[in-house]
Structure formats: structure tokens, C-alpha cells
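Two complexes are shown next, each including chain A; its partner changes from chain B in the first to chain C in the second.
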Partner chain A sequence: MSALLEVSGLTTSFLTASGYLPAIEDVNFAIEKGETLGIVGESGCGKSVTSLSIMQLLSSNGKIQKGSILFEGKQLVGLKDTSMRKIRGNDIAMIFQEPMTSLNPVHKIGKQIGESLRIHRGLNKEQSKQKAVDLLKLVGIPRAEDIADEYPHRLSGGMRQRVMIAIAMACDPKLLIADEPTTALDVTIQAQILDLMRKLKAEREMSIMLITHDLGVVAEMCDRVVVMYAGKVVEQGAVRDIFRKPTHPYTIGLLSSIPRLEDRQQRLSSIPGNVPSIEVMPAGCRFASRCPHATQRCADDEPSLLSVTDNHQARCWLVDEKGVAV
Partner chain B sequence: MAHMMADSSPTTGLKQRLAHPPTKVRSKFVRVLRAYPLVFIGGLMVLALIFVAVFADKLATFNPNFQFANGLAPDGAPLAPNHTFIMGTDDLGRDVYSRLLFGARVSLEVGVFASLISLFIGTTLGIISGYYGGFVDSVIMRITDIMLAFPFILFVVALVAVLSPSITNIFIAIGVLGWAVTARIVRAEVMKVKEFEYVQAARALGSRQWRILFKIILPNIMAPVIVLTTLAIGNNMLLESTLSYLGIGVQPPTASWGSMLSEGQQVFEYAPWLLYYPGLALMLAVLGFNLLGDGLRELFNPRRVR
Partner chain C sequence: MISYIIRRLGGAVIVLLGISIITFVIAFLVPANPARAIVGPHAPEALVLQVDKQLGLDQPLPIRYVNYMNNLVHGNLGMSYVLDQPVTNLIEQRVGATAQLALAAWVLELVIGIPLGIISAVYDRKIIDHIASLLALIGISLPVFFVGLELMYWIGFRLNWLPVGGTGGFNYIILPGLTYAITGAAYYSRLLKASMLDVLSSDYIRTAKAKGASPARVIFAHALRNGIIPALTYGGIDIAALFGGVVVIEDVFGYSGLGQLAVQAISNLDVPVIMGTVLFATAFVVLVNVVVDVLYGIVDPRITYS
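Right after this comes the complex of A and B.
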């Protein structure tokens, strides 16, 4: 199987008062066909910048400085906007975090779902309306005909996220980028939305790039995980390996900050400190200042992604010393 | 929304009744009318004005510019309202009622066309300015500042003087000079709207630039623009009468409410009806547009219609 999406050496920078500073550096990962890849990390670690770089939708002060993004073997970096537009919404679709603001309040639901069909498939109004109703049924919205004629403010958050998924599914994309799709929803609705995404993925043989900070969602949805910290990939591997044998101290920290049913804990553990800001990024390991295992070597040199096993890498010197960390 | 799910639930198969049996759903028109009666009143006033302006030649009893020999008292004073001249005559013996009807035509024409010109220029510049920002924005906004700082009447006076006064030139002058406020409001709205996630979502769907600007952003900023334009029609009607009053607007003998006021002012002491009727007409027309504008603001906001 060749990879559907291959990101290598991706560095995206933003113009700040002190010149261009990288928000993500040397990011590498691949998504296979039909695979769900989770991208995990706390706020500001570069998850969303990665997805916007893939879509080529960076704001005007951001640019991709290095690296390549291959989608079905086609280079997306530097692709002309006219060609990129044919990919957006058609081959790669995106759903956003805030269902309350992601829908245009002045257009009816049906019209918004039909939008990409009119753009990419040249459907007329009636055809796209009919297809919109089908899509609403697909995402499990009751009374699809009525809802298609409603404005977004009549729908709840969960319903709107279903509509967003319907919009994304309209052109049968090969890759769905979901940027924190369930963060704004309450837990029962989260489960429904995740179920829906899983069902659609299986039906349509679609790949999903799931951006989240919720490891529970990752465990439930993903085949492989990329853990990001301060703009770099710090650990990647199969979900099973990451959860059973987390290697990077940051991943370990993330996992131990989840409450567990089996053992009674007085307090949840947390990772002390904050992500360093991009203006004062340390030269060595970026996690060193918060890491319980940090040594002088960590402060001096930055480790590369070191192999733990064949499909499991971590950016940590502990791997180098012991083979397996901690 | 229709209330249709009355019979059996698809999952449990149990028969269920509705807790709140559906009542008759009123049409949207009726609901809006009940919620915002002012739209209705304002709309009627505007409709009446349009009707009068369109059918002025059918409704008028006389030629508005004809100086009747029997239209003046023996001592040369204008006639008070009577059976022949229902709103009296002016100091040249012309029928005030007929002049008022034809004046509505001029007022409405200038008000509407000037506002449309302002709307077009202001919206275009405002969208470009707000969406692209940066240098383009600075240039457009500085021009706007200059337009707002310049004494408006003086500017129009100069422009009309260059163009020579005629109805067309008056509304062009008012329209071309009046876009600054529209541009500012549109710019502010665009800057707010363009940050919403649905604009990003539209880009992620592969929409072209023009689609984002005109189909995504424009409809979202229309509510304040429509209100502004409706209010501007009233304002521009006032401005036209100001210009005519100053003598640089519509040229005699063409009737306009402003010129009627200006002429009537000289004989006001013994012929007050020469000010009452055009003044009242002007006030009602502007009031109508203002009520309509306020009402439309509610009506065009999909979130507020009950």
C-alpha cells in the first residue's frame, strides 16, 4: 500500500516581530489509505498549523519554508491556487472544531451542503438540493427534507457537526481532516459523532487525519498516532504501542494525566510548566525544561526521532541509552 | 418547523401522542407583521410615496408649471386652499397640490438613485478594504477620511456648479460624495465576518475568491447595509431639498419640495400653506423611510424572526 498523504520535512513559519519563526519544524508522517491517524498534543503545539499547511490555507503571514506534502504522489507545496482549489473539498475535506460558527448563518443547510457539489461537480440547484437531503440522511439527521430548508441557528451543536460532516462528505473525499471535531460537544454527542465518522470511513474507504488533544478519542478512533510537542513530532507509532509502551516522557505525562478506573488516585498528575513560546525556543530537547528525566545532554543537543521498534519512534535520548526508555 | 412525528416511534414501536398538539402555523408575513408593526407602517408610507411619484401625472389636477390667471387674488397674493386649488396656489398662481405630486417624483428619484450609487461605491470599496487589508485598506480609508472631513454641502455645491444643475447631476453628485459612511460600515462588518470559521470552511471547500466575497461574506453584511441605504434614501431626499432650497438643486420651473419651501418662505407670513404642505410631505417621506429601515434591520436578521 502506498501512502495517500506523505508529509516530509515540513516546516511552516509565521512572520512575527522578530522575523519568520517556525510554528512547526521538520514534521514527518504518512497516512495510508483507509487509515485513521491521530495527531495529539496540547494547545499551540502546531496541530492545526499542520492541517492548514496541508490544505494550503495558511493566513497571509504564514508560509511553508521547507518540506514536501505528497497527496497521491502529487506535490501540494507550491501548487497553484487554481489547482489546489480542485483538491480542497473534493479530495481533501475538512471539518472544524466549532460547529456553532462553522456554518454560514445566512444560507439554508441544504444550500450549504450542496455548495461543494456545485463547485466541484457542476450540479445545478435541484440536483445539489436532492443530494444534500441524501447526505443529511447519511449522517443520521431525522426529517432531512425539513432540516435542509432550515437555517443553521435552528440546530444544536451536535446536529451542526453532523451537517459539517455531511458537507465534508459531499464529494466523497479520500482524506478527511478533522480538527478537534468533538471538542465543543458534550460527551454523549461526542460518542455519536465519532461513531458516525467511523461508520462513514468504513463505508467510503476514506482516510481520516484526526487532530485532537483527547487521548480517549485517539484510543477509540485511530490506527496510528503522532504526538506533537512545541512544533515537532516527539513520538509516533501504532496506537497499541503508544498506549502500552509510551516512550517519550511527554507522552507518558499525557497518558498519566488521564483518570483511570482501575487504581484510586488522590489527584491526577499533570505536566508542570508550559510549552515554550516560539520566540524563546530552546536549542536542545524542547521538553527538557519540563522533563523529570532531563540531563545536560538534553539541554545541549536535540535528539532526532529514534527507533524504539520498527514502527515506533520517539525523539528522546532515553531511547538511545537504554533501547527502551524509563 | 412542521410537527409530524405523531404515530409510532421507530425504535420502540410504542404509540405516542404529542404533548403539545400542533396549532395552526401562521405565515411568516403575518408573524413579522405582528412582531414589527413599524415595518408595515413605514412600508405603507413608502409605498404611498412611490405610488404618488409614479402616477403624479394621473393624480395631478393641473399642469404643475402653469401660472393660472385666476390663481392669484386681485392684490397678487396666493390663494388659500379652496375647491379649485385644494392646497392653494403659490405666489406665481401655480397649483400647490399638483406641484407637490410632481415634486415627489424628483425627491424620490434623487433619494433612490443617489443612495444606490453610494451603496454600490461604498460596498465595493468597503469589501475590498476590509477583506484585503494592508496597503489597499490604508489608501481607501484615508480617502474615506477625506470625504468625511470635507464639508459635504460645499462639496456638492462645487460639483453641481461644475456639472450644471439638473436632476441627474444632483443625484450623481450626492451619490458619488455620500459613499464614505457605507464604505466604513461595510469594511468593519467584513473585518468581523471574515474571521468566522465558516469563511475558512468555505475556503476549505475549494471556493474561489469571488465566491467567498460575494456569496459568503456579502450576504452576512447585508443587514446593516440595507438599513443604512434605506435611511440614506430619506437623508438624500432631505439633501436634495436643501440643495433646491439653496437654489443649486432642481431649476425652476420644475417643482421640488425643497424649491417649493424656498419659494414659499418669501410669502410665508400671509401664505403659510406654501410651507406646510411640502414640509409635511418631506417629513412623512423621510419618516417612512426611517421606519422602514428600522423594521428591515429586524426582518433581514434570520435569528430574530419569530
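Right after this comes the complex of A and C.
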């Protein structure tokens, strides 16, 4: 059975003062039906660009330069906007990081939830309103009838993110792209939103592409994980494998920067340095300048994704030389 | 909401009182005697004094003001010194013509300015936006009387499509209205472009696109209502400015409205007519501002009145 979404060789560039520069390069991954894939990395490593490329909602200075995005076997790259619009909000839905600003302040909640139903299902005002109330109940909002008649500014951040999820769920999407859905929320609300997403995924048999920088969220939610660094996939595999046997030094750095209760260390461990900017990408491994194990080879030559095991790859020369030793 | 409107109208009364005092004082402080203006420069001093007495101009200024306001409260704006008619009648005769002209000018401004602003925002930095910007710049830069004379010459005289001036039916409103609109529409289009650009890059527009909304739906159902708010503010100011603009335009086109009445009254030192037109215009402007403030709350549900 082929994957629900298959991204291969995806390169998306942005127009800068020095021409088109790639923000993500040669990105490959697949999402199976019913699977939750985590995409992890720090800010600026290309997670959001990847998701916006799939939705084809890049800002006007960005464009997909190479690669293919197959959704249910259908090529999305180069698809006409009118055809892409039939997929957006219908087969693929998206929720965003900022629930506070992601809802239109001048439209009522019910209208905003019902909109995709009016667009894709041809429902009229009353039908879509009724369905919106049902969706509000589905995402656990109390007094759904009243809330449907409220404007967004009367709702808290957590409530608004529930509304965003209701909007996304409206047309029963096959794939939900969640771009840092809990980053802007309190920890207790985060847990509630993640629970809700897990519940909906099980009920509706949809796939989720979960973008986050929080490995705790990945451990809780995902089946497989793709670690991105500076616009490239640096490691991917099953969540269990990656947590047990992280291979790329960047993944190891990310994992060791999670604070643990039992440790009595004074300082949190962190990865020194920053993600290189797209204007000054190093020739070799992009992580070399921050890597504790970097050699001359790393600086000169970029490794490709090397297999650690059958379902686990890492973009690091260490795999090649010593298997999984770090 | 109701109590808010009542409070605003209470404030409006205070504004009107202030304006009435200022206008009254200025009108009588000019170093010219209205009585002398009426009887002419060569009339004997005795006649001037007699007219002074007749008009009540021999009384001290504060008493005259109190008398004037007393009459005003009873709906009496006094008699014109020159035209020998009650000021209320004069305003009544002309207000319709000016209202028609001002409304036409305003509607034309919106009809030109709003689409231009939306197009400029949607095609930001594309050729069509540059053309719109250039048109806007030309519109802003041209003086009203110049545009008026050009339109009069080309459309009225050369092409003979519309009357060059005067007062009458709908045909007489188009050219003066267009004159004001050409010079004023640019402000709406610039304002709207800026706010629409802002709105179009906001998160909730991305949400709308992610729902699969068409570009037209994104612009008209989602962006415009948010983007129109600054233009609405300007609309209030603009309607006030219209009264000033209409004065010049009425003069250029020989259009007999309130503006022309006011201009003639000023040159004749016809104080009751000056007072009447100024107070009428003030009341109108204040009222429009209350209406605009109430409209905010309808357009943007986040704004509440308490």
C-alpha cells in the first residue's frame, strides 16, 4: 500500500537580496495512513516551510524549485491553484502555532468553522451553522451553541486552538498538519490539546504531521519522527529507535537538552551556536560547526542519509565509520 | 450603546456652544461695521447709526450673543442683513443642493478609491499597482479648482456631454462631484492599500487560505472588513472636509448651495447667515463623527461602548 503523503527531493527557495536561496533542500519523508509523523528541529530549520510547501501556502517570495509531493498518488507540485483549493481544508487541513491571531476577529466562531463546509460541501448557512455546533462539541467546547455565536476575542488561547481544530476537522481531512499547535499555550492546556488530537486521530483514522521543537510532545504523540536541521533531514526513524539510539549528534544534543527531574545538574545542557543562515550555508555537514565530533571530512564533504537500521537513517559520517557509535 | 450615543450628543452640544461663541466673536471683531457694509461707503453716519440700532448692533457683544442664542434655541436664526429673508429659509433652500453634491462627491470618491486600494494591495509592487500609485499621486497633487476647470473645459465645453455649471438636476452634480472625487479618492486608496497589505499578511488570512477559500473570498469575505477600518475613520474626517471642499467647488461651478451662500455672506459681512451656515456645518460634522464611532462597533466586534 502506498503512503498517504510522499515527499521526495523537495527543495523550496526564497527570493533574497542574493537571488533564490533554498530554505529546505532535498527533503524526503512519507506519512502512512493513520500514522502520526513528528517533524522536529529548532527555529529556522525549515519545518514550517516544509508544511507550507505541502499546502502550497508559501509567501509570494517563496517557491518550490524541485521535488515531488504525492498525496494519495496525486502530484501536488505544479497543481493549479483551483485544484489545490479543493484539497486545502478538505483532504489536508492545517492548524497553526498562534491561536490568538489565527481566527478572523470580525467573524463569528460558528461562521468560521462552517466556512470550509460551505466551500467544499456546498452546505447552506443553517446547515453549516448546525454542523459547526456539532464540531464545537466534538472538540470539547462547553455551551457550543452560545460559543458559535461569539467572536474570537471572547475566547482564551486554548479555546481558540480548539476552535482551530474544529475548523480543521470540519471536512474530515485525511491529513492534519499541525504546525507547533501547543507552543503558544500553557502546559496544562497543551496536554489537553494533545489529548484531543490523539482522540480525534483515533476516531477519524486520519494521519497527522506534527511539527514541533518539543521532543516530549513527539514521544507522547508520534509513531515516527523526522529531525530537520538547517533545511535538511538529518535523521529519521521510529520514535522508539530515535529515543533509544539517537545517532546524529544534533538529535543527541536535542535529547540531552530535555531537563530531567532525577538529574541534579546545575545547568541545562544545550547545543552551542546557532543554525547557519541560508545565505552562508557551509559546504560540508551543516551541523559541523556545532558538532562535538566534527572532523575535517565533515567540514569538506556532506554525508547523505545513511542507514543505521532498516527504518532508521542519519545524515552523519559516524554511521558510516563506526555503525552507531558516538 | 444608547447611553454612549446620548453622552456623545451631549458633548456635541458643548462643541456647538464653543463654535458659536468663536464664530460670533470673530464675525463682530473684524474691523468693519456690518451696518456700514449694508448702507454703502458714502451713506451719512446718521444712517449707519440708525441701521446699527435697527439690527441691535448698538448693544454690547455679550448681550447680543445671549439674544442670538435665545432665538437659536427657539429655532430662529435671525434675518439676513442683505437678502432680507430668515436665515433658516436660506439654509433650507440650499441644503438639498449641497447635500446632493456632497453625497455624489463622497460616493464617487469611494467608488474610485476603494477598488483602487484593493487592487493596489492585491497586486502589490506589480505594474498595475504602480499605475494606481501614479494615478493616486496625480490626484492628490492637483488643486481642486484646476481639476474643476479642466473637466468643465473638456467634458462640459469640448465634448458637450454635461453642463459646464449651474444648478439643476442630476447632470449638474456629476462634474463638480467628480472634481472632488478625483482629488480625494487617492487618500482612500492609499489608506486602504496600507491596511489591506497588513491584513493580507495576517495569520487569519492564512487560515482562510488553508480552508481552501478562493482569492475573491479571501479578499472580500475576510480581508476587506478588517482592512476598511482606517478608511472608515478617514471617511468621518473627509465628510467634514467635504464642506470646505464644496465651498470651492460650488464657486467654480456656479452651483448654488450652502458653500456659495456662506462665501457671499462673508464678503457682505452678513453675520446671521455666516453664523447660521457655520453652526449648521458644525452640527453636521459632529453628527457624522458620532455615526462613524457607532459604525466602528458594527464593523469590528472587539470595539464596545461603555
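The working rule: the second predicted complex is superposed on the first by the 325 of 326 C-alpha atoms of A that agree within 3 Å, B and C clash if a C-alpha of one lies under 4 Å from a C-alpha of the other, contacts with A are read in each partner's own complex, and residues count from 1 in each chain.
Simple rule for what comes next: contacts are C-beta pairs under 8 Å (C-beta built on N, C-alpha and C of every residue); 3 or more make two chains touch, one makes a residue touch a chain.
In this text, all values refer to a predicted model and were calculated from it rather than measured experimentally.
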item	value
Chain C versus chain B on the shared chain A, clash or fit after superposition	clash
First (chain B), second (chain C), both or neither touched by A:Thr182	neither
First, second, both or neither for A:Thr50, with chain B first and chain C second	neither
Partner chain(s) touched by A:Asp146 [first = chain B, second = chain C, both, neither]	first
Partner chain(s) touched by A:Met94 [first = chain B, second = chain C, both, neither]	both
Which of chain B and chain C A:Gln161 touches, first, second, both or neither	neither
Of the stretches 2-10, 20-28, 38-46 or 56-64 belonging to chain B, the one that collides with chain C	38-46
On chain A, positions contacted by chain B and by chain C	55, 57, 85-90, 93-94, 96, 98, 101-107, 115-116, 119-120, 151, 153, 164, 167
Chain C to chain A touching residues, read off their complex	201-204, 206-215, 217, 222, 225-226, 299-302
Contact footprint of chain B on chain A as seen in their complex	55, 57, 85-90, 93-94, 96-98, 101-107, 115-116, 119-120, 143, 146, 150-151, 153-154, 164, 167
Residues of chain B defined as touching chain A within the complex	1-2, 4-5, 196-198, 200-208, 211, 216, 219-220, 222, 302-303
Complex contact set, residues of chain A against chain C	55, 57, 59, 81, 85-90, 93-94, 96, 98, 101-107, 115-116, 119-120, 151, 153, 164, 167
